[in-house]
Structure formats: structure tokens, C-alpha cells
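The following block contains the structure, expressed as C-alpha cells.
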Amino acid sequence: MSAKLNVGVIGLGRLGKVYLRDLATRIPETTVVAVADIDRTLAAGLADEFNVPKSYASGDDLIDDRRVEAVVIVSPTHAHRANVVAAVEAGKPTFCEKPPALTLAECAAMSSAVEKTGTFFQMGFMRRFDPGYAAAKEKIAQGVIGRPVVFKSSSRDPFRPSLEYANPASSGGIMVDMGIHDFDLARWFMGDVDTISASGAVLAYPEMASIGDIDNAIATLEFADGRLGVIDLTRNGVYGYDITTELLGDAGTLRIGYLRETPILTMTTNNVSHDTVPYFMERFERAYTIQLQNFAQNVLNQRAPAVTLDDGVEALRTALAATAAHHTRQRVKVSSIQ
Amino acid sequence: MSAKLNVGVIGLGRLGKVYLRDLATRIPETTVVAVADIDRTLAAGLADEFNVPKSYASGDDLIDDRRVEAVVIVSPTHAHRANVVAAVEAGKPTFCEKPPALTLAECAAMSSAVEKTGTFFQMGFMRRFDPGYAAAKEKIAQGVIGRPVVFKSSSRDPFRPSLEYANPASSGGIMVDMGIHDFDLARWFMGDVDTISASGAVLAYPEMASIGDIDNAIATLEFADGRLGVIDLTRNGVYGYDITTELLGDAGTLRIGYLRETPILTMTTNNVSHDTVPYFMERFERAYTIQLQNFAQNVLNQRAPAVTLDDGVEALRTALAATAAHHTRQRVKVSSIQ
Amino acid sequence: MSAKLNVGVIGLGRLGKVYLRDLATRIPETTVVAVADIDRTLAAGLADEFNVPKSYASGDDLIDDRRVEAVVIVSPTHAHRANVVAAVEAGKPTFCEKPPALTLAECAAMSSAVEKTGTFFQMGFMRRFDPGYAAAKEKIAQGVIGRPVVFKSSSRDPFRPSLEYANPASSGGIMVDMGIHDFDLARWFMGDVDTISASGAVLAYPEMASIGDIDNAIATLEFADGRLGVIDLTRNGVYGYDITTELLGDAGTLRIGYLRETPILTMTTNNVSHDTVPYFMERFERAYTIQLQNFAQNVLNQRAPAVTLDDGVEALRTALAATAAHHTRQRVKVSSIQ
Amino acid sequence: MSAKLNVGVIGLGRLGKVYLRDLATRIPETTVVAVADIDRTLAAGLADEFNVPKSYASGDDLIDDRRVEAVVIVSPTHAHRANVVAAVEAGKPTFCEKPPALTLAECAAMSSAVEKTGTFFQMGFMRRFDPGYAAAKEKIAQGVIGRPVVFKSSSRDPFRPSLEYANPASSGGIMVDMGIHDFDLARWFMGDVDTISASGAVLAYPEMASIGDIDNAIATLEFADGRLGVIDLTRNGVYGYDITTELLGDAGTLRIGYLRETPILTMTTNNVSHDTVPYFMERFERAYTIQLQNFAQNVLNQRAPAVTLDDGVEALRTALAATAAHHTRQRVKVSSIQ
């Protein structure tokens, strides 16, 4: 393996372009040697823009490229299984964006390939690399809040996605699409979830009903060791993109998140105001970069992945349990979701 | 009735003393003409301190006092029923601190007396009079956040109460003792609750198990019209007394609460810090005063009570439903609690 | 002297009423036994409202009242000298609102009377009793910021006062009227000021020129030991009443002040906003009460005054030096102002 | 000129490396075709790291390189004059980091070359490109605060620079080194400064006296049209890097700046705390990038420079006037500094 990691990027949508830019220009440890997208023109154009020598219309071709030493998969979720299995079977260290897949069956195929081949695989959950969340993890390890006993997390989108995007058939529904980040954080900070109960409804965008999804949800978690958690998700955080997590310990509390984007206060008659974080890229841009750099460093230094496929699978299982809890109006045991 | 309202105060514990001080010195509309407490010495001492002409060892005697035009009841919860029934049957406008009682049977007796006599009765829920909560109510009426669709509330005590105080036999347990304020706010902002699910546990103070109560709880509410709510309660908000409520609307969000008590920031190497709100009296002192003044004004001006006994009864019913949901691990219909 | 201090209040204007209320109802150590105001009807009405047995049309009569053990002077500034001299010559512990007077000649007469009689005298500078400022003083004593080396203070009124009030003939001009609080803080935290330079202008309210005053000013202080300070004053803090002070030390910084009055955030499309502190009474109500209580406790316990007449005189001298610096456009030695 | 701007970078110190990285990897409009530094090894190493085809030991050689279309000068201040004159005489659009020079004589030579040749020249003042400052400029143009009447700015370094760096012979002293940014902002927001008075002292680092500089300074500005300003500078902002500016208008106020770096609050017993901004690169990283991108876009689109050499010269003149005001203890007319 070379001193710098030669990476191929599969999938050049909104997030794929950001990953390409980061790998090509912001992460000293990586060189992008190939990109792939089913839109061949898009791939060629971006290859040109970022001085990437090769572009492909298929992930398989990219994986076959001998110069590609590691694969970053940002393709649509339904393609994850095929891309991941091909990449790890080719023995190429692989990074795959969340969620791992929409079904546990697909996950099983991916896990089996990763396990069988022993190829390095790192799951994408960028929040773990956000300086705020990373600081929280460290402070908890240092005992700053004692033992964390309650996990609270809130994810708010400033508007609903397009109905096409939001369709549960491709997005997995709100619990998977939005919630998987919070469920992953829950597991990261607190460990496995035992049972979930949930309530949800269409409250702000009646048209969400037409695709069979909801726009607001609340999920209550009981962790395996009896500790508690609660997650609320909304598509109508109309004031801005607001991601907040709290960890209540028996000796203190941590609160992660912030509300203001631009460092200016406007003060007029009896009013002080500021703007908000527009959307996820403004909030997590740095986390995305750190995450990919961490992937590259782990591969180059033969370290274990920071986030495993199993982390992805269990976060998905938890999100599916939350979905089931909402649908059945019953408390659901996460392990019952197979 | 005189221009100023001649009030008698029954119960001179921690909160009773504050009420006495407010009524005697801060509320221009009231004069305290009698106080009562089973601790006759305490009653006499406080009467002396606040220039109150009469002190009694029993609420009934105070109610019988002809100079007493209105009665403020801050006695222990188990005494509310007897005090309230006596006061309203005597035809004296009555204010009673929350909760109305610990059981719905007691409530029924009180309601029946209030209804039968038609005497003015106002329930104590001071948060409704806090400038933050009052501003929220007004802003919602003005349409600032559109239609509120999700209610979130969090109550955190900086430490656990004494086991004697916390004992569910007298406190009603965490859902009633702490939660009734949040359940009342939920009803005030959103209307009646249809069903509740809840999770709770002893997580910070193992000794709470010995009295049969928990120290952390999460309750999810489905309102009668399908909107959602979530309340979390903790006894281990060790950093300070932190009461936060959010109302998510389809056009905006309101957040009520604050973290800093003293207006000073201390900035040392890589650190900016401030103190916190110590406890409920610092947080709600002004709300308590405004609430009693509102009671007096309503009586003097023959206006309807701002908070009714029914509000108290329904908040209690909701809290009891939450308790049942926790105990049965089932979603509970609030109306099933009788 | 009785267990409670029998106080007489001279001057029942805006602030005088607040002092009367505090002394009559909020401060357990005091009883108000007499009030005086040249508006006899006002005095009689307020005496009635607060159960004060006597009301007078003149301060001298009040001072002569044998029941009056201590005198609180909130009369117009031009009357301070006469009231203070009479009160201390009568041997009655005296509190006088700032500024001590408008001229150093008047101050000299007052100082001479206080010195000659040895009567207890406490100067009013309520900011010293504000929990934020008091905490700052304590933290500095504890060494939290090391040695304070720069003092910064900013006073902003939300609107200009009436031209009648603001007239320098009676108000002393902006440096005295607004600035004396900041000059006192400067001295309290840092010690005597050696020289002052200043700039000022009419920038927001052209009509201020008609009374010979300015609406914005900046004063730079060099303390006797070489440390630095800067004060800015504005009448056009139109967003609200904003009083902020910073102490920069060689090991940290303290910042005193706050912006929000009501504990609520309103979050609408790309906007988070809150209200502001309306005016000085909302900001310093508690400080005023604590200050008077401190006066009463000092008298009752025969402790030294917390703020001396000399503090008042030196703050005035500093404010007059700032005024002179502005007028002469020269750096002025404070000690040269006699 | 090519579609992308081929840039050469002169000076590869701390800031030069950041500029190189930005121009090479973050600004789509630029390609770095040459770098120069008197440390030839450093230049060669960085050229290699950023795929820059040529490296030079002298700025002149870089300017002579025919592939170099535009020159970015980040060399030590004493080299600015020579580099700028050579670059503009070669007809190559030039960007030069602040300050333009340490003396007005050097500035005159540069201005004369820029004027004579008519070559595009843009001065570096990155704060103007910070989203907070840029938003302030825009809001003022929109009339949000009415007419700005007082300018306040505060620059705090978390520690003193090395004595070698801070030496006024090379840094220009605190008014030039730190203050030039604030003086530029003052001019940008308010226009030319007429007179300055200043106070300064060695208060935190006695060793600063050995190099003839001070560590704290306060400068009061009177603008040509009578409006006011005040700037305070400190080397002992030990809590963090804190840059705050306020614009007080006659209809509102803007406050630019922030205190927290990592989005996390730590809440322990009676304490809420967060970290601070470490240093200028964390605070202004984005502003630096935007500034260079703006330079490239202006050149490519033949737009006027966003910041002129004259802006640099006048900010320097103002800083020199502040230095003189401190030294002479007199109010200094800025135009008298030649």
C-alpha cells in the first residue's frame, strides 16, 4: 500500500460530491484515483474537476480498477449491499455511508461477506466525528458527568424532504432515515437497546400520509441494563436544522448542539435575534471530513474500524424496532426484529 | 366585600410561608387576617412577624373566622379535601395549591362541593403565571408558531427529596409530585391527553427503590386530536433546577426556560462558565406572586378562576395514567383512570 | 434602638416609591414610620397605602420626628445637601441616593457634617449590591482572574430621558447622571482614577444639543497605579437597558450583564429571538432591595457603611473630570477637579 | 488569462501555508503554479505536498515565471514593498496580506507603483470576509440599525506573542500588529477617522517593556463626521481568542463575535461551562478562504478590488496615529501622520 491511500468513490450524488471533494482536496492521506456513478457524464465531469484519472459508470468496474486501494460507497441505499459485497470480496478496505441497507436480510449478506473475507470495513455515522459529540464521548470517559443514565436526542429538519426522497420504500421511513443517527448515538453512548415504544403522526405535512410516512415521532428506549432514552424526530423544525443530544448522568449533564450559524446578534427595539443552522451540511461538514480522514488513517495504520458494520446493523435494527413499535402501538423488543 | 381582600392562609410549611409573605407584603390587593397551622407556635410566630391579627391551629377555625373573606390552602396534600370542602361550603372564595389531592375519589368530593356551592375556586399551577410560560401562551394565540403540534417538557430537580417527602403514599410518586406541572402545561397548551405510555427506573438513587418510587421517567402523550407530547422527569439534574418546555409548531418553535442564575460569566483558560438556577423558588418566585395576585383580582372583580379545580383533577388523572403506564408497561387511556 | 429599624423616607418620586415599598414590605429589618415629600398629598397617599403613621411635607420635619431612627434620602439631587446635613446633625443614621450632589462644594458641606458628627452615613450605589457585581467582587478577591488590569463598562439607556430631566443643570449631564455608576464601579474594582480623557457627541437625538448635553460618550481612565479603564455611555441603546461590565485580569476575565428578560426563545424561519431588559428597575430591582437591607443591617449591627460618602464624592469628582475632559478635549487629572 | 487563475504564492510562513492550501485545494478558481520562500527547502517541500510545479527562493523569480498570472504575497511585512512593487510592475494582479508596510514611506512607494501601472491590487483584511462581519455590513446597508453612531471593537489574544515577533521594529507594535484589523473595520463601517486619543500600558507581561511595546491599549476615535469609536486591545485575553465588534445605531445595535468553539455544554454542580475559540485560525479560517476566493474572482471577472491599497494605507495611518497618541499622550489628528 502506498503512503497515501488511493481511493475510489462510488456514488456522486449530493453527499458523494462532498466526499469526493474531501478525499481529493481536504484529506492529506488520500488520493482519489477513480469515481463511479451510473450517470457517466456526471462522473466524468467530476473526475475532470477534481483531477481524478478514471471515471466509471459502475461500481464494479471501479472496484476492479487495480489502482483503487480502498472504496468509499455513497451510492443509493439499495445499492449498498452489492457495492459492499463486491468491494470486500475484492479485499479492498471499504467505507459505506449509513444506513447499511433498508433490510436486515441485505445486512446479513453484507455482514457475512465482511466476516468471511476479513476485509476492513468502516460504517459511516458522521455524528460520532463531530467535535461536540466526540468531546461528549471523551468527557463521559473521563467521568465528568458520572454514569450517564438518561439519553435524550432530538433531530429536526427545517423542512420535509421531497415525497420521492421520503418514500419509505427507499428512505426506510422517518425512524430509519432521520432516526438512525440518533439510534446510533444511543448505542454509542449507552449500549444496546432492549425495548422501544413509539408514537408518531402526520402533523405538519398532510401529504406525508400519501407515501405512508409520518412527520413527527417520539421513541422511548429502555437499554439492556435498564437505563432510559428518548428520541424525538420532526420534519417541521422550520426555524432551522437543529440536532441536540443530552446525556444526563448521576453527577452532571452534557448538552451537545447549537442554534446560531452566523456570529452576529441583531438588537432592535425589545428584540435580540440571530440566524440558525441552515441544514445538515453546515452542521456536520467538518464531521464528514474528519470521518473520512479517520477511515483513511485506520486503513493506512492497520487500525480497527472506528465504526463497524455491526454498529450499522444494530442501529438499523433499532430503527426498525421503532418503526414496528409505532405501527403496532406496542412496546417492541429490539432483538425480536430479525 | 372590602376593597382589599381579607385572606386566611392555611398551612405554613415551606411554600405556605412564601404565600403568607406574598399575600401580606407583595400583593396590594390582599390583607392577611388569619393564618392556621397545626403547629400553633409556628402559626403564632408568623402571624406576629407579618402583622396578622389571628392565628389558628386548625383550618376549620380559620374558615369560621368572619373576617376571613377568602382562603388560601397550602396545607399538606392529604388535608386538601377537608380544607377545600369546608372553605367552599362556607362560601369563601378558595385557592388551593396543587395537586388537588392524591386520589380521584378525594377530587370527586371536592368537585362536588365546588359545583354544589358555586363558590369561586382557583387551582394553583404557578407555571402558568411565569412570564416565560405566559408569553408562550400569548405568542401561540397570536399564531407566532402556527399550530403547535408537539409538546416537550422536562423537569429536573437538582437533588432527590428526602425519602420521607418522596414517599408515594404522601407525594403520589414522581409522576404526580414532579410531573403534574408538566401534565398541566401539556393540557393547557394542547388540550386533553388521550393515551400515555411511560418508562421509568431507579437510576441515580438506589434508595428510592425502598420507598417504591423511581428517580427518572419518560412519558409519551398522544393528545385527543392526535398531536404528540413527551415529558421527562429526573431527580438527578445535579447541575441545578432546570425546567424547560418546547412547543413545536408547524411554523415555528417556542422554548421556555433558562440556565443561569447570577448575571456573570467567568472566563478562564479555555473555559467560560456560569452558575445555575438553584431550586424552584428562585425559578418561580415571581410566578407564585403573580398567581396569588391573579387569584385576588379574580375574586375582587368577580372574574372566573384562571385555573379550575377540573384542571387540577385532569392533570392528576393524567399523572395517575402515567404512573399506571409505567407500572403496567402498557399504553394507558387517560379516561380509563377513574 | 429597637430590634427593627424605624425609618423615615424623604422623597417619594419614582425611586422613592420603590424604596418605600422595599422598606415597608420587603425588608424584615425595617419599619417605615414616616415619609416626606414636598407634594403633601402624595406623601399622605403613600403613607396610607403602606401603613406609615406619619407623613410630612418637609424633610426637616421628618428628621425631627422622634420615632424616626434612621433616614433614607431619595429627594432630588439639589436637596441632598440640606437633607443629609440635617439628618446627620440630628445624629440619625442616613442613607442617601446617588449622586451625593451636583457640585463638590455641596459635597464638602456634607462631608464636613458627616465627619464632625460621626453619624453613620451610607451612600447609594445599588450596582454594588447586584448579585452579578457582588459575585464579581468576590471572585476577584478569590483570585479567579488573577490581577484585574483593565476595567470596561458600558451603560445603555433604551431611550433618552425627557429634556427636563436630562438638563445638566439638574442631572449633571450624561457623565454624572449615567456615568457615575460606572465611575463608582471603576473605583470599587480598581481604585482611584488618576487621569481621564473623553469624547462625546450628540449623535442620536439632535434636541439634546438644546440643553447643552450629549447622548453618547466614551471615557478612558488611567488608574493611579497605571491600570486602564474605558467606559461608554449611550442614550440610544434602543434595543433595551443594557449594563455590561468586564474585568480583564492577567489570569481570566469576568463579564457582568445579560440581555434577556423573559425566559422564552421564539424560533421562526431562520430566526431565534428573545426580548430585552426594559429598564433599570427590571435590571436592578433586587439590587435596590439588597442595598437598603444592607443599610439597615449595618445600622442595627453597628457595622461600618458598605459605601461611604467619600465613595460618592470621588465618583462624582471622577464624573466631573470626565465632563471636563470632554469639554476641554484634554486629558484631565481627577485630583485637579476641586 | 485562463479560466482558472494561475497563482504564485510568496512567503510560506504560518499564514502562507494556509493561503497555499486554500489556493491549491479549496478555491476552485485557482491553481497554484509556483511558490517562493527564502527557505528553499521549505518551498520545495510544500510545492511537492500541494503538487505545485515550481518553487523559488526569491519572490522576484516567482514573479518572473511566465506561468504565474497573479501573485499572493504573504512574505514578512518588511518585504511587502519590494514584492508588491515588482509584482504590479510586472503587470500581475496582486494580493498582499496586511499590513501593507510598517511605514508610510514604504506605502507611498507601493501606492505609486500601483497607481502608475494600473495593475489590479487587493489588500488583505480577512475580517471583512468573515460571515459575521459581512452580515453586519449588509444589515447596516439595509438600515436594520438606522444610522450607526458608535463603533466599538475589542481584540484579545489568548497569550502574548514571542518577544521576537512582538518587537515593534518588525511588528509595528500592538496598535499596528493587533489594532490594524480594528482600525480597518472602523473605517469600513464608519469612514475616515479624524482624531485619536489613546492610553496603553504594560499590565500583564512585564517583559514586554524590554522590547518597547505595551500589552493593553485603548484608543478612542472621532470620525470625520463627528461619530465616535473605541477600540480595546489586549494580549492577555487568557480565556481564548475573542474578537468582538459592536455597532450602535440610532435604531438598533449589531454585535459580532462569539465565545464557544465546540458545540457542547458541560453541566455539573451549580456550573455550566464551555470552551472558547483557541486562536485566530479557528476564528477566521473561513474568512481567509473567502477572501482569497474573492481576490481570484475579482481578477478573473475584471472587477474592482474589494479592499484597496489605500484601505491598507489609511488603516496603517490610523494605527500609527494611535501609536503616536499613546506615546505623546495627546489627541492626534490622523491626517497629521505622514
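A, B, C and D are the chain letters, set down in written order, and residue numbers restart from 1 in every chain.
Everything below uses one rule, namely that a contact is a pair of C-beta atoms (placed from the backbone, for glycine too) under 8 Å apart; a residue touches a chain by one contact, two chains touch by 3 or more.
None of the values given here were measured: they were computed from a predicted structure.
Shared contact partners of chain A and chain C comprise B, D. Taking the mean Cα position of each chain as its centre, B sits at the greatest distance from chain D.
Comparing the chain pairs B-C and A-B, the larger number of C-beta pairs in contact belongs to A-B.
Each chain gets one centre point, the mean of its Cα atoms, and the points for chain B and chain D are 57 Å apart.
Look at where the CA atoms of chain B average out and do the same for chain C: the two points lie 39 Å apart. Once the centre of each chain is set as its mean CA position, chain A and chain B turn out to be 42 Å apart. In chain B, 238-239, 251-253, 260, 267-269 are the positions where the chain touches two or more neighbouring chains simultaneously. On chain C, the positions that touch chain A within their shared complex are 238-240, 259-260, 267-276, 278. Per the touch definition, chain D reaches chain A in the complex via residues 25-26, 28, 49, 130-132, 135-136, 139, 144-145, 251-258, 260-269. Across the interface of their complex, chain B is touched by residues 149-150, 152, 154, 156, 197-201, 203-204, 216, 218, 220, 222, 226-228, 230, 232, 234, 236-239, 248-253, 329, 331 of chain A.
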